[in-house]
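What follows is subunit A paired twice: with subunit B in the first complex and subunit C in the second.
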Partner chain A sequence: MSPSPSFFKATMAIVYKDLAAELRSRELLSAMLVFSMLVILIFNFALELDIKVRQSVTAGVLWTTFAFAGTLGLNRSMAVEKDRGCMDGLLLAPVDRSAIFFGKAISNLAFMLIVEAIVLPLYALLYNEVRIFQLSFLGVILLGSIGYIAVGTLLSAMSVQTRTRDVLLPILLFPVAVPVLLASVKASGGLLNGATFAEILTPLNLLIVYDVIFIAVAFMVFDFVVEE
Partner chain B sequence: MQSKPIALTILDIISIIVLGVAAYLALVFAPTELVMGNVQRVFYFHVGTAWVGLLGFVVAAIAGIAYLVTKDMRWDRFEVAAVEVSTMFFFITIVLGSIWARPAWNTWWTWDPRLTTAAVTELIYIAYFMLRQGIEDPEKRARFGAVYTLLGGLSAPITFMVIRLFRTIHPVVIGSQSAEAQGGFSMTSDMKVAFFFALFAFTVIFIDLMWRRIRLGSLQEKVEELKLNISM
Partner chain C sequence: MIETKKLVKRFGLKTILRGVDFSVQPGEFVALLGPNGAGKTTFLRILASLSRPSLGSVKVAGYSLPHESAQVRAKLGVVSHMPLLYPDLTAEENLQFYARMYGITNYQSRITEVLQMVGLEPRRKDLVRTFSRGMQQRLAIGRAVIHDPEVMLFDEPYTGLDQDASEMLDDVLRSVAAKGRTVVMTSHDLARAEDLATRFDILSRGVIAASATQNELQSTNLLAFYKQSIN
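This part shows the complex of A and B:
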């Protein structure tokens, strides 16, 4: 089925459903946020984030935090679908299956971006790191999150159907998401240390390549993951 | 009971012979490398096992796609066999590489692009087995396995490219050499004989093991069927 107004509408309906449910319960976002703060707190003492250390590890600390919080959100967002048989209802709906994938992916991405939008200023405030607020840095964060969520949504749809469930997601996701995390750390770390846009072009290109490939692949194979 | 095909028995024997010959060529026939000495002999088997390790992962990704298209369980058995055999060979590659790296680089391990990619690839395929273990339904197991090999096969090359942004010290013996590589050398003709024979030998051994693993897979399936028949 080619993208049509109904495809777009179906995707948006799922996004709306997830956002509305989250707005009422606020389970997922609050968990992700508190968890992120705890991870940063632990890093603060484990790495002794003084000004010299921060220069080299800030990007790594932020991305590790987002990756961990991201798995938490991905797990939860797919588990609620599975637990109350909601997924079966979605699958019965007469829409293209990939609309379900994009719907879930966009709402997952929205949750991750909301968490980032709160954690980043907080980090900037705590550690006086104003360089976080440059447009290219935020662009890298966005590109990295897109790639991470695209693979993550697909794999969480898989892991939720296995016996080990939420334990399995990070194990499946992290090795496959290594390129996206490394490229993001490289690009955002470079920006924080005053690199020009041209200097981070290579990791940025790889990030875009990864995003495009994995969105396309997830789109193509999602059918196989949800079929009964 | 399905008896063992004669061709497989012959291939078993050939495998053992070529392994013996490859070992002889690597350990005795090939000249000792001037700078590194005898430890360089690890190289023949290191590259041989790496070659079949990577070959198996490519084969697995193709089998995965074939499964998703045809939904034929034979492709699934093919895929599992390829991943299992390759994971083992790749592990051997990493161990042999470490043995060589200790005297050549003065460290067992370093986060060089090739080494990191090797480690990540190995982890992807260990995750693959954990995924399969968590699923009871054989058809679903095959589907998810195929999807995951596909993702793994796509992400490994990108990992390699990304980590190349950091510097590399791994030597490239065939093709162009990076200026920073340490422990490189050029091969004499006797070394080339040992090298190419090792590649050939491991390819034969790989096919032999694959064949055995696929056969094991179909026997396993038969046992499951028989068990079901008894319980019914």
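This part shows the complex of A and C:
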């Protein structure tokens, strides 16, 4: 009936499918949001007595929240594909399998950005911290999220095939994601403390390089990761 | 249409397939029978390009695996005991998704045609999670034929179905095969396999132990042939 779909169309079909399913079930987003809010609240109570410390740890608290909530989302997003054999359905499509990676990564990134868009105003409200809405800060969050999701999507495709996937993903992901998390904390912390662009150039460069490397690696190895 | 030569599959130190020679002519309906652990699912997964062979050659619809796997997948429809459907999407949305993944451009009329074939047209707007196991399996067949494949692979399609659902699935399988498609089906249900297939291959201990066509079997029944072959 048809030769094969274009890479872009297959990628967007996966994104559309993930967003439509999530819009209906709201399982993944609600879990990520509840978890993020709990973390923010716990940190709020823990650091309440010392306002200066609380302001100085903004970047750390935010990235801790995003990293843990992101892991929750990554696990769930890939588990949905595996549990009913849908991953086989994706792998059977006559398209380059890296399209599956990009489709899943884009929808995972969309979920993470939605959570961040809700968590940031809440954080600003609880911590009286409005500097997090500056464009450069949001840019760093976007770059960090891309890197985290790129490596996380690849590793979740590996871990979902094991029985201990819920435990295995954080064990695999956090050591590999340390450079992107450190660079994100450093760059966003620098921005909040009034550092110049030149001062945060090193972590910013690291973020960009990390994003490019892991997207390229995932593009090359995803086929081998998902095939038996 | 399908040809494997000296196909070997190993998982670590364990050898599942030990040099399988197998061929299917266009339009044939082959029932691949065998005891649990014989390697039937592994064999089908290799034909479907979901698993890489350790040794040997595999050709499906004129394309060799694993090098031309995308071309093979375009010609292939696969139904397993899992429906490969998304429970939070409707029947129509599931088929739309797979139609897009197969690059079908004007898919609305094809979706209607497929839903009518599997008898789910009135339920097209219902979420798949509200479907019974039998309905999900029928929709799974609809998903597998959405791109009008030349070759169909069925891996234990009757697993978990009650009598009514199995009979309904029989009709759907017959209509799929009646369109001249080449079909390979694994099953433990010998009566159903005998009724549907034109050839019976017995996979035992990682090799094809015996093969017989429907005509060759006429004097003896399939159960006797099966028992004789695996012993």
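The criterion applied here is as follows: the second predicted complex is superposed on the first by the 219 of 228 C-alpha atoms of A that agree within 3 Å, B and C clash if a C-alpha of one lies under 4 Å from a C-alpha of the other, contacts with A are read in each partner's own complex, and residues count from 1 in each chain.
Here is the rule we go by: a residue touches a chain if its C-beta (ideal position, glycine included) is under 8 Å from a C-beta of that chain, and two chains touch if they have at least 3 such contacts.
What you see is a predicted model; the values in this text were computed from it and never measured.
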| item | value |
| --- | --- |
| Which superposed partner A:V225 touches (first subunit B, second subunit C, both, neither) | first |
| Which of subunit B and subunit C A:K52 touches, first, second, both or neither | neither |
| Contacts of A:A21 with subunit B and subunit C, given as first, second, both or neither | second |
| Which superposed partner A:L92 touches (first subunit B, second subunit C, both, neither) | second |
| Residues on subunit A lying within both footprints (that of subunit B and that of subunit C) | 227 |
| Residues of subunit C touching subunit A in the complex | 45, 48-52, 70-71, 73-74, 76, 78, 80, 82-89, 93, 97-98, 100-105, 110, 127, 143, 147-148 |
| Subunit C partner contacts - residues on subunit A that touch it in the complex | 1-6, 9-10, 13-14, 16-17, 20-22, 24-25, 80, 84-86, 88-96, 227-228 |
| List of subunit B residues in touch with subunit A within their complex | 68, 120, 123-124, 127, 130-131, 133-136, 140, 143-144, 146-148, 150-152, 154-155, 158-159, 161-163, 165 |
| Subunit A residues touching subunit B - in the complex, by the definition given at the top | 151, 154-155, 158-159, 161-165, 168, 171-172, 175-179, 182-183, 186, 202-203, 206, 209-210, 213-214, 217, 221, 224-225, 227 |
